[in-house]
Structures are given as C-alpha cells and as structure tokens.
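Letters A, B, C, D, E, F, G and H mark the chains in the order given here, with residues in each chain numbered from 1 onward.
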C-alpha cells in the first residue's frame, strides 16, 4: 500500500507520467514468469477463457513446466498444434489427458459434458477438413460449451446441406470450415440468422494456395455478416464462439 | 396445391430427383424479380436482417426501382457505397432519407433511437478510419441497435485506449476499425471478453497495401477469438454484430 | 507453282530445313497486312469463329481501317472493350452498327435471330455483373447462337437460383459470371450436366482483389468439370461456348 | 406421402418458409451418410459423371468404406491423388483395380474400351507433364470416353506440333497440359475449332511459381475461347470434357 | 487523490483487476480529446519527438483545429502528406508556416537552424527521389537536427557516390532513399560505420511494383545492419534518426 | 598532381584505407553536378552508350538544364517516358528535336540513318504493343543502329509469324514485345539462333496483371537463351541490343 | 516428291489451307519420336545450340534412352537439374561423362578446351551462388565457349569487385549471379560495355522470397541494358551468351 | 609507389578513366582471396564490425578455411545459420567455440563480458521467437555490447509489457522480435524514446505467411521512427544496433 500511494502521489504532482505510474503499479501482478514464458492468469477474468498453450515452437520441457502452473490455478489445459511425438510424451506424464492426433491437440481438466451449455454446430465442407473441425470442437468443450460436427456437406451436392437446415437453425453459433473455393459459409450465411464464423482450410492444391483462395472467398462472401479467422484456425473460431456464448450466458 | 401434390408424387415415385422437385416448388416464391435484380424478401426471416442494397455498380434508376419494393414490405432501406452525386439524386426523391457523405450511405425508415436495443462500441484507430466506422454505425442503427464511435485511440499512445476500458467492458460487441499495421484489435481483444470484430481499413500507403497489411495482422492476432471482415467493410462488421445481438435478443 | 515446286525440291534435297520451307510457302497467304495490324482471314475456317477486334489500345482510325477489311469478306464485326467516345464515332460512320455502352461493344453484320441455333444461358450473380454478361451475349449472337441472361441469382438467397433449375437443365452451355467470392459456378456445377464456363468479375472491393478472389475460387471449385476464363472476360467465355456448339452443330 | 403433404400444406399457408420446406423434403434422400463422408449417388443423374473420390487427406480405411458404397450402385470407381503406399493397400483388397503411379490414381469398374465413344486428344508440352496427362486419360476412360496422349510437343520446336495438326482436327475436345510459360494452348487454339481445355502444370522452377506462370499465361491466351482449370488438375479438365461429350452423346 | 486512493485500495483487496485500476487512473490524463482526434501531449516526453499530423484522410477543418492544440503547448507543427490545395488553405491562416509542394509538408514553429545539432546526411539515388528526401529533411529540422541532401548518386555511376565518401563518414546518421532496384543502401552500408536507414521509393514502373522491388532489395541487403522503413516514408526515416540522435544528445 | 601524390603516399603508408584514397582521387571527375542531377559524361566510354534521361518524375525546367549539358559534349539526346505537354514544351525550345507521342520519347542529335550499322528486328505481338516497340526503335537509332518493326504477329495465327522467318534469320538481334500471355518470344526463340530479348508489355486485363503474366511467361520460356527486361521497357531492350552490337562492331 | 507436289497443288487450288499444307509437309521430319519425348535434331541448325535435356521430372530410364539418340547424331550431351542418385546411375553407364554435384549437371562429348573460343566471365556475388555459376560454366563449355568464374565479389565490399575491372573489360559477355538484393549486376553494368546477363539466385531467406527479391531488383536495374533470366537459371544465361557469341563467331 | 604514380599520371593525362585508375590502385588490397570466398579485412574499419560468416550454403570445409583467416587478424568469429551437424564439426576443431542450437550460431573469440559497454534490450513477443532473439544476443556480445532478452511479453496481455517499462527506458537500443501480427514494436515505440529495431519472425501459420504479415505490420507501424530488418534476421538487427552504439561510443 505504501508503494502504491507513493506512485499515486508522484503521478498527481507530475513527477512521473501516467505510463510510468502504470508500470510501477502493474509490476509482477497476475503474471507467472517462467523465464521463457509469462503465464497470464488474469486472462479468464479479462477475456472469458483461460490461457491456452500454442504448441508450435515449444518443446516438451517447456510444456511440462507450463501445465502445472495452469493446474495449480484450477484452469483447464489445452495445448494446440502438437505432433504425435509430443502427444505421447505428454500422455506419459498425464495419462488422464486426451490427445487427438487428427486435431493435434492435448486436453485436460475440461468441464464434464453435462456442465456444458449452449450449442455450437461445426460444419466441414469435406472429409479433409475434419482436423480443423475437431480442433474447434475440443476448444469449445474445454470452455464448457457443447459442440457437434457435421462433415462433408459441400455445395456441389446441395441436398447434403439442405437436409441439415433444421439443425442449423437450432444452433447458437455455426462454425464453417472449408478449403478449396470456400463457398460453404456463403450458402450457410443465407440460411441462418445466428453468427457464422468461417474457417478457411488449407485443403486443395495449386490455385487453392494453401488456403488463401478459401480465405479470400470467405472475406468477400455475398452473405452479409460472415466473419473469418486465419487459415486452419479451428481454435480461433472456437474462441470467437466462446466470446459470443459469454454474452448469452450473461443473459445480456 | 394440386401442383405441389403432383411434384411430391413424382418425387416419391422417383420420376424426378429431389433438386427438380425443389426447383418446381420454389418457383417464384418470396422473390421480387425486377429483371435486373431479384429482391429477396425472405432474408429478414432467414438471416435476421433485411435485404440491403450494395450501391457500387448500380445506377440511380435501378436504386429508385428497388427502394419502393422494400418500402412496400415495410423494410428499412440502407444503400451503401454510393457517391455524392447519387446521394443528391436519392435525397431529391426521398427528402426524409439520410445521406452521410463520409460513410457513403443512404438510409431511410430506420427504427427510432428509443426502439434500439443493446450496445455496440465502434473503435477507430485513427481519424481517417471514421468513414468505415460510420458505415457500421448506420447499419447497426437501421437494424435497431445502439452504437457509439470512439475515434483515434491507436496503440502508439496506449493511455488513449486505457481510459476507455470501462466503456469497453460494458459493450455487447466491439467493432475495431484500423488501417496501417492493424494492431488495435489485438490489444482490445486482450482487454474484453465480449466478441471483437476487426475491420481492416485501407488507410496507409506503400507496404500498407491498401489494407492488406492490416487484414493480415488481424487474421494473425495473438489475442484469441478475434474475427475479421473484408477491408473497409464496416457494413459487414455491423451485420455480424446484428447476428450476435439476434441471439441476445432471443434470450438464447 | 514454280516457286512452290522449287521449295519442295530444296526441302527434299536438304538444302533448306522444314521451317524455312514453311516460311517460303506461307508468304503472304490469307493475311491482310495493314501495317499496324495483320487481319487473319483464315481464322473462321481454322477456329470456327471470325477474327474479332480487341478495342483496347486501338484508336478509331485503326478500327475504321479494319472494319472494311472484315466487311469485304462478309464477316460479322465485333469490337470489344471500347469507350463511349469510340462508340459514338463508329456509330457515325456505321449507323447500322449496334453500340452497347454497358458491355463496351460495337457489333455489325450479325446473323438474324431466326438463324441462330442452340442455346446458351448466361447467369450473373449480381446486377453489377451485367456488363460482363452482355459482352458474352453479343459475342454469341454475332456467332449465330441464341443466348439469354438471368441476373442476380447469387448463392446468399438460394431460392433465386433453385427456381431457375428447369431452365438451366435445358441449356447447351451455361456461362456463370460472378464477382466477390465467385461461389455461384460451384453451386450451378452441382445442378447441371452440361458444360459450365465460369467468368470471374472484378465486382467487389478490398480482398476481392479486382476479381482474383473470384478467379481463385472458380479454379478450385469443388464441383468437378468447371472451366474458367480471365477476369471480366465475357467475350472469351462466349468463344469457348462457340467451340462447344461447333461440335453440336457438326453432329459429331 | 403424409409427411410431404404436411410440408406442402405448411408452405402454402405460410407457416414455414420455402427453405424450411425444402429441408424437410430433402431429408436423407439420395445421400449415403458414412459419418465422415456423404456419398452423393444422384451426382451422375445431375452432372453426367459419378461421384469420384479425392484421395488427398483421406486415409485407406475411409477409402475402403467408400468403395463398396459406390460398387453397390454399379458405379465405376476413381480415386485421385493417392500415393504409392495407398495404391498398394487398395490393390491388395481389390486386385482387379488399376493403380497408376505416375498419375496417382486407382481405377475400377470402368467401361470396356469398345464401349467408349468420341475422342479426346491430350497434348503435353513436355515429358514432365505426363502424370497430369494420365490423370486426365483415366478419368475420361472411366467415364466411357476414348482418349489419347501425345507427349512433348512444346512450342520451342514448332514442327513437332505441326506434324500433329491432322490428328488435332479430328478430336472432339483437346486437353493441353503445359508448365513453364504455358504457351502451347495459345498455339493449339489457333489451329483447331473444337473446345480446348488448358491445364497448367507445376513443371518448372523459380518464376514458374509452381504453375502460376502457366496458369496466368493460359488465362490470358490471345487465342480466343481457351478455358482453364486448376494447376495440375488433369482430373478437372477431363470432367469438363465429359460435360462437353455429354452434349454430343445426347445429339443436342 | 481520494479517487486514486480508492482505486489502489480496490486493487490491493482484489476487487478490481490491474487493468481496471489502470483504466481508472489514466482517465483523461495528458490527452486532448477533440472528438475526431485525441492529441497525445505526452508523446515528446515518452518518444523524444512531438505529436505530428498525418495529413492524408484529414480535411482542412480538422487540421485547423489540431494546430492550436499543438501551438498552445509550444510544440512545433509538422503536417505531412498534404496536397497543394490544403497547403494554400493552411498558408492563408498561418502565413508564417512553410509549405513545400515537392515534399507535401507544412511546417511551423521549428527550432532556428543555429539551434540544430548533429548532422544527418540524406542521399537520393535519383532526382525523382527528391520529394521523399525533402520530407525527411523537414522532419529532422522541426526536431532541431541539421540535415543535408545529396541527390542523384545511384550505383550505375559509382564515381558519383565515391566522391562523397568523405562527407558520408562525417555524418551521424545516413538516410538513403532509392527506388527501382534500391541498391544504393547496400553500397553505402559497405562504406560507413554509422547507422544507415534505407527508404524505398515508388520511383520506377512495371516490376518496380510501386516500391516493393526496392523494399525487398533493402530488406535483403548484403551490407549488414541496414534498417528499412515503409515505401516513400521519408518522415519515418527521419523519426528513426531522431531516436538515434536522442541518444547522442543525452551523451549516453 | 601534388594532391594525387599525397593520396598515394597515405595509402602506401596505411594512414588512409583504399576506399578513402579512391574517394579523394575521384573527387569531381567526369561528373557534371547540376545540384538536382549528376550528369555522368564517362558513361559512353564505360558502357558504350551515352547518358539518357529518364523523364518520369522530372519537370521541364530540369530537362531544359540537362539538355545543354549533353549537347555541349556532342552527345545525342534521348528523353523517355514523357507526356504530350512536356513534348510540346521541349519542341518549342528545340524545334529540331523529334517527339513521338506513341513512344513518349524526345530525341535530338541522333546519327544520320546512313551512319547506322547492323540490324535489329523488333516484333510486336499485337497492335497495342507498338508504343513499346517504338521506344526501342528510337533508342537504337540514337545509338547509330538500324531497326525495323514488324507488328501484330502473335501466335494465335502462326502463318503471320512464319512468313517473316526469312527476315528474322537475317537480323543481328531480335527484340520481341508481347503482352497477355507473352508466348511470342518462345516461338521466335525456337526459330532463330541470334540473341532474342523479350519485353513483356502491360497490354491485357485481369489476370494479365499489368504485364506480370507476360513477364513470368518470358522468364520461363521453354526456348533456351531468351533474356528478359522490365515490363514495357523498350528502352532497356534496345540498350541490351546496343551492348551486343558493340561487340559485333568491335569485331571481337 | 509426289506427296509434296500433291500438297502444293491442293494449297494452290485452295482445297486445303496453308496450315494443313504445312502439317502434311512437316510430317515426321527431323524429329526423333521416342513416345515419351520428341528429340528435335534440327535445333542446332535453327538455334545455334543442340537439344539439351532438362533432367527434372525425368527418370533415369528415359535419360538413358535419350542419350544414344543424341550421341548418334554426334551431339554433345548436357543434362541439367539432376540429383546425386541420378548422376551415379548415368556415370555407371557412361564413365566418360562428367557429373558435377554442385551444379547438378551431367556432361559428355563436349568440345576440347583448345577448341573453345571467345570468353565469358561469370561473377557470383557470394559463395552460395557457385552452383548456379557452375551450371552456366558447363553449358558454355559444352557449346565450345571459354568461361571463368570469379566468386564472392558482392557490393558490400566494393574493392573486391573493383580489383576485377580489368578482367571484366576483356570479356565478351558477363554473366552475374546474385541472390539476396541482387545489386551486383547494376554495379557491373555501370562498369562495362559488353552484354551483361543477370541471374537471380534463390540464396537468402525471408523477404528474399526464394530469389524473387533479386529477380525484381535486376529487372529494375538503374544500369541500362541489363537482361535477366529465371531464378537459378545458370543454364539459360549461358544459352543467351551462346546466342551472342554465335554472332561474334559469324563475324557479323 | 612507381605503379601508383604511373596510374595517377595516366589519370591526369586522361589516357585512362577514373574507374580504371581505381581498379589498378585497389588491386589485391585488404582482401584475402580464398578462391571460393574473398575475406574483407577492412570491414571493421569501414563499417564498425568485423566480417561475419553467413553459414547457409557453405560447407564445413569452407568454414574451416575461413576461420583461421579471421583468427589470424585477431577478429572475433561469428557463424550464423548453421545446423546441428555443422555445429558439432566446428566444436570438434575449436572446443573453445560456443555453439547455440536454438540460435543456430557458432561464436569464438568474443570480448569478455566485463569489456562490453552500453545496453541493448531484446524483447520477444512469444516463446517461439527466442531463437531469433538469441541470434541477436550473440551478435551483440561478439561486438562487445551488453544485451538482455525479455521473453513472452506480447500485446494480448498488456500488463506483461507494462511491468517492463522501467527497464525499457534504461536501454540504449531496443530490439523487438515478433511473429504473427507483429504488433509489439508499435506499442513499445509509443513507450520509449530510444531507437526501436523491429524483427519480424516466421512464427505463425496460414495468413502469417512465414513472417510477411509481421513484416508488413512493422513497416506500417503507427508509432513513428520504428525501423525494420528482414524476417528472422536477429543478426541484422544486432548489427544495426552496433552501428548506433558505435556513435555513442565515439561520444559524437
């Protein structure tokens, strides 16, 4: 308290500027500094979901140091973008964890299904988009939200999508993962009134440009109000859905 | 009824396929075909907002034929992407309409302010992003949603943003318009738990690449759960917000 | 005849190579050299449609010298990509010609409608794609082929397209012009068995990249067997349709 | 019948909208839902060729579940984009199938050669384009169409192409596969009147940009009426040829 | 003081988080909110140069409201990226201001030349790069730093550069503006030990890609330790020089 | 001489480094410094052609100061990339100069035709490429080299090119200007053994990408030994031809 | 002779067109059709260098069938772009052949050094560009031309290049290979009057874009008359030099 | 001395040009030509840091020949961009060397820590950017400069950065490495007055485009005076810092 008072005093008298005052105040608060990583334990209260771990470019040692820091706070654990070798190592230390090879994710301490609320529908245009879809599924589950995947309903065979319209209209949020030309979100966006989050995938070759064709298509959708996340970013689409469901939960 | 029965019969006996059956059934329903344009009067019931008019590439004659088709159904009218000359012509025919030069929009028959619900906050990183912000504002208003613009709170002077945190946390949705490096949504996304919709703008020069630098930045935001719309697409961001507020209104 | 014999002799004895022999033989045949342009009067017999004039980058003087060269052979005349000023000048000299401002074309000496055979359907996703559609229409007509435009049937309001399925299935070829995400050909390709030629248009802004988003989308269509032409190239799509109809006419 | 009648009634009285009616009607029709994939058995009647399997991103288990679903309906089977390991596994289960390593395809149940009609000529600019050419060949054969490959007739040695002109003029459709600068279709398009489908290949290095140089070249061909498919997409070019031959077969 | 104390209390007891505390503290401090713009009067103390005005996308009314806000604090005024019409209007209100058409800048209240310290040398590869060079010159001057431009010393005539080596070696910082292939910074970087800031310019055509060829070249310079700013960004290069000179002035 | 001796002494004794010595020696030699431009009068002896003036981004005052500097040395004058307004101003001061609107060049003091040696053939694929061809023509003439343009011999009508083979084989260098897919140099390169310099032009639209499609095509030519210059750079192609003819003249 | 006479007759009487006549005449001449490849034995007489083999995408069986076809005609053999495994296989069959791992080439039957004429200098900016330089070296040697490589003379240490000026000025052609920013050709082009052929290499990372930064730089060289070939295309640069030396040999 | 005098004489009398004179003078000076590489021993005196070795594309033999050339002159040794295999080989020959696997560097003969002056702060936005940060660290140390890395302070959790403000304000130079959207330098640039050098990293996927999103963001930073180096170029950022510290050391 003494220190804070001193800072406020200096700020009021103008001997320090506001940013310096902030820097002094914030020092060390709510951050778990592991040297190579700063765990942000305030994230859940600020953003509505806990700190997750982006696995790409981290080694298993680093992950095994971060996990306890999260578990200590009672947080669920989700590590994305890991390979099979890493999944096996994590599984050895934490047998209760769930490793999904297709999605490249490792998950622990998620809320039980019966505690999950609301419903997100995840559509994939083709079978090859399933990995991206499952990354979204696990992210939603770990945040306590129900989700279901409907696979292979691309626009070249419209009846496959049309037979799902009823289900689509019951969802709180629809996530649509599609590669190649990425046309599915445009058609879905014309069928439902709930939020539609489009995830371009890197499925395709040549002019698919590793997902940029689908990304460009989705950004230019003629169906108004479609939003887009990064290529193959099932995780990000799910986090965006969490932000939306946060509002519904709060009964805003 | 006779025709529909016949179609169903043919479908059941396999003499026509399901798409043919659909084509027969749908014929002429809920579409106002003006020759050069097909007005989709079902859109509001399907998508939660009425048919709006994309003004670019349409002449005033076409617009003046579409407007009555909308007014007849009691729809509000929003025309986007029009120039001053067009605004003046429309204003002459419909003096009660509101033309906003900065936003390039023409608006009529919007719900009164007191009928608008929920609250969307629109942030712009700089003064030059205001036109995009106002396109979003009008789209929200015409859909019966409150909105407020806070301008010039870019990240190079953090205190300008930090002093708005309280307001940010009261919003149902935040729309963030930014050009140049498009960093503002990442910082905002780390401060709030509600949905954040990022709109890259074409403000900047050289390596700003007419908004693609900001677009790329936003798609790669390190703040999870940010979604993105097309460059300068204030309209689309607002429609996405409408989809989210639709869910809140429904008390899902 | 003497010259040709001499060439053949030299070729047989090996004193000249085969390309030299060809060069000697071809000299001046079937080409009308105007200095600034070489009119290729064999094109119709080789390719199935006459030489057309690409107007961009040519001045009116040049056009007025090329037209008689075509009329002398009884060819129809089609000049594409011209502006209003040029259209007016040509109209002054050739009042019987037809100038279409929207399409940017000037047309003369086309076969009468009753002489036109087969049927090409031209779909446009939006009203703004009409100019491209009309360029295709005139090219087909000048080649003696029937064509009809159906406008504004984009995928965000599926019922607008579905009500056209019967007509679609009667066409010999379908040309689909679409900007923005260019999704319409994928949906059409899943509904019909005839050739589908996709024309990306430059309609849209930002990430539409002047038609490249639509182009990329169409090249990656999940509906098999869609072919694509250059952005805004209604002319080229029509020529491709002519090549297809050529085969039907020949009863191959 | 009762259900369909009820739907029609509701549609007529306006208690459901047209898309909802369609969704109810279409439910489960002509789709074989395997969970991870929805087999579209109507495709042949709608599009003129059966459902084929895009092998990339599918594992052998999935393929071995899809194959019987196709064979049960008497469909031919074509799996594209598979690697040698997959080819060997499929061959073990279906020894009557034909695996082509160069093309990366697996084929079964194709019509016998004597049942194949019409003729498609496949040109490749170089020897390295042969894999793409063979993917097209097998797709045509499986659809009951004759095809022949002529290899290594690039434009740097014109006499190689010129000696094939007679054969070229007898074809119903010409498919031209070329990498590097992709100039061959332009020259071919100036020599024949039938449809010319250009396939850019990823042959080349540096500024060939994995086929984008050839793709750009083909889209800008000065020979009118050339259409283009995705890079390395021999399959798609063949499907486009099937659509054209469909019309010839029908004697339209 | 009461308010600050309350905030600190709440932070200490955990009833608010650290960001909320900051938001409360920062409220309204050191920002001049003009509605359409937030003037950041702390910038000089934080960054070492005052708030400048990016003129593009601002109208004259807005500029005429911002200028007094700066003058009131005794700040110098620099407006960049303005056109002649704007320059004339500003000049009418502030005749003591200096408008430079070539650079597109308006400047007032700069320190007198004799008060300027240290020396920055600005090289331009060609005459066409002079506008960019002059934007840098004025920015430096307004910050109290001497600068000199040496023009047209591109690498195709090495002797033109070599005769300047003595001068180059006396500079504290060298700014090098070059378009086309942007090779000049690489050669300069091999001749001097002081900081070299490269500014790609949009001079050139075709594959110069509006400055991206020069930008790419400079980022890949084989001369180590060259840094780069945005295309045509003479202003930014000068600000970077100011940051460097700040350190020299401080005698660090 | 005293100064030079001193420099050499210092270099030998190591008190200055070699670059410093060079800088001292070169000071002011063979450069005409006009302040805004440094005229390089040694260029002809070093590179085999005089200093030419790149007109883009220079105003008429600057040009009118550079011209006398060149005439004083007896150099020919060539200014490229100028617009009609500039051409008229220059023509007023120098009536003996030749302004070519199509090429955008101004030329004076060129060698008389009878003094010109060797022969360069300039082919253009279409009529719209003529401006680029004429820029090359004037550059060659001003350097004392004969040149001839053959226009509109694109590959879609091979006979137009084949009838020129004899002429092609007599040329010392062939320059080929082509837009769209840029295929002409590949075919020409397969017909002749002399150097072939390809100039991509910005003729075309959409996927022609302002000349980048042609540029990419030419860089990937399957005809070996084609070299390429910048888009629309007729001047550069001609300078490359001058370098080649320099060798022939020298009878190397 | 009878066949040729018949063709000529038909051409004269108009019963066949000129291209058909050519096709008949050319049939089978000077082409060795191996099924998978058409060897063009006329290339040397037409282009001044023999048919070489692009190894990428060809297997060893194909190469071992092409080699005898070349040796039978007494041609030298050069295979480019092969890997070590292929080199070893070829070496086993043809021990007299020369495999260069760095260049990725296999060479046989080249003229003896004493039979080689004229001189090409190959500069590389860095050590990593040596492979590209050596591909050029072997191509020149196999065509009977002397060549020498000077390595690691990049522009960041100008004295390394300046000490080679005397040698540079004795060369008939200079080939300059450089990666990263590709600035070396611009400096060389300002020092010599002979042809300068620039080869961008893929050396570098990040914004070097696999050679595209160097390619763009070279196309925009401020040193006039530089020509450019594809990235890493040492072979093509050498062939261009052969075309130039062809003219010198002919004493044109 | 005789030779130099002769050169000067010839230059004075005009019998040689200035570049020839330079070439003669420079011959062999201060360059250690190893055949495959030219070691530039003057670099330290010219540029303020010694010649370093870019390891990519060099083999161990070459490195082991270059190292003694540097050690002989007493230079420190830094080899960048090497893989583990190379590191092990070098370590075997020079056990006193330091190989850092994460950074990919090998370092010898660096000044002792107590001899290092001034202070550079290296920030990384995430843990995955550490390799780039460490490359910068070693480069600075080898040049006798203190440096410290602060890791994982990205903008999505502002408090992590704000708690470092005090430290930031004590640094002489700040290097900021960030991937994904690259927003960190913009925020840092608004907090400090010293030079800020931004290093985009290739961390991220999809629209991160291997670092180009971060690069574009940094070039367009709204915080004035940020400079940028190539993607992943920690080495270059450090060299730029050395240039700045050079000035401070000199007490300019």
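Quick notes
One rule holds for everything that comes next: a contact is a pair of C-beta atoms (placed from the backbone, for glycine too) under 8 Å apart; a residue touches a chain by one contact, two chains touch by 3 or more.
Just so it is clear, the structure is predicted and the values come from calculations on it, not from any experiment.
Looking at which of F-H and A-C shares more C-beta pairs in contact, the answer is the pair A-C. By residue number, more than half of the contact pairs of F-G reappear in one of the listed pairs G-H, E-H or A-H, namely E-H. Look at where the CA atoms of chain A average out and do the same for chain B: the two points lie 24 Å apart.
For this pair, chain B with chain E, the centres built from the Cα atoms lie 37 Å apart. Centroid to centroid, with C-alpha atoms defining each point, chain C and chain H lie 56 Å apart.
For this pair, chain D with chain H, the centres built from the Cα atoms lie 52 Å apart. Residue numbers of chain C whose C-beta contacts span two or more other chains: 18-19, 22, 26, 29-30, 42-43, 46, 126, 156-159, 162, 189-191, 206-208, 212, 215, 219-220, 223-224, 230.
Contact residues of chain G toward chain F in the complex are 18-19, 22, 43, 46-49, 52, 118, 158-159, 162, 172-173, 189-197, 215, 219-220, 223-230, 235-244, 246-248, 251-252. Note for the complex: chain B touches chain C at residues 19-20, 22-24, 26-31, 35-38, 40, 42-43, 54, 56-58, 62, 81, 200, 202, 210-212, 215, 230-233.
Residues 126-128, 130, 151-153, 156-157, 159-160, 162-166, 169, 191, 203, 205-208 of chain E are the ones touching chain F in the complex.
Residues 1, 4-5, 8-9, 11-12, 17-19, 21-22, 25-26, 29-30, 42, 45-46 of chain D touch chain B in their complex. Those residues of chain G whose C-beta lies close enough to touch chain E in the complex are 125-126, 154-158, 180-183, 186-187, 189-191, 204, 206-209, 212-224.
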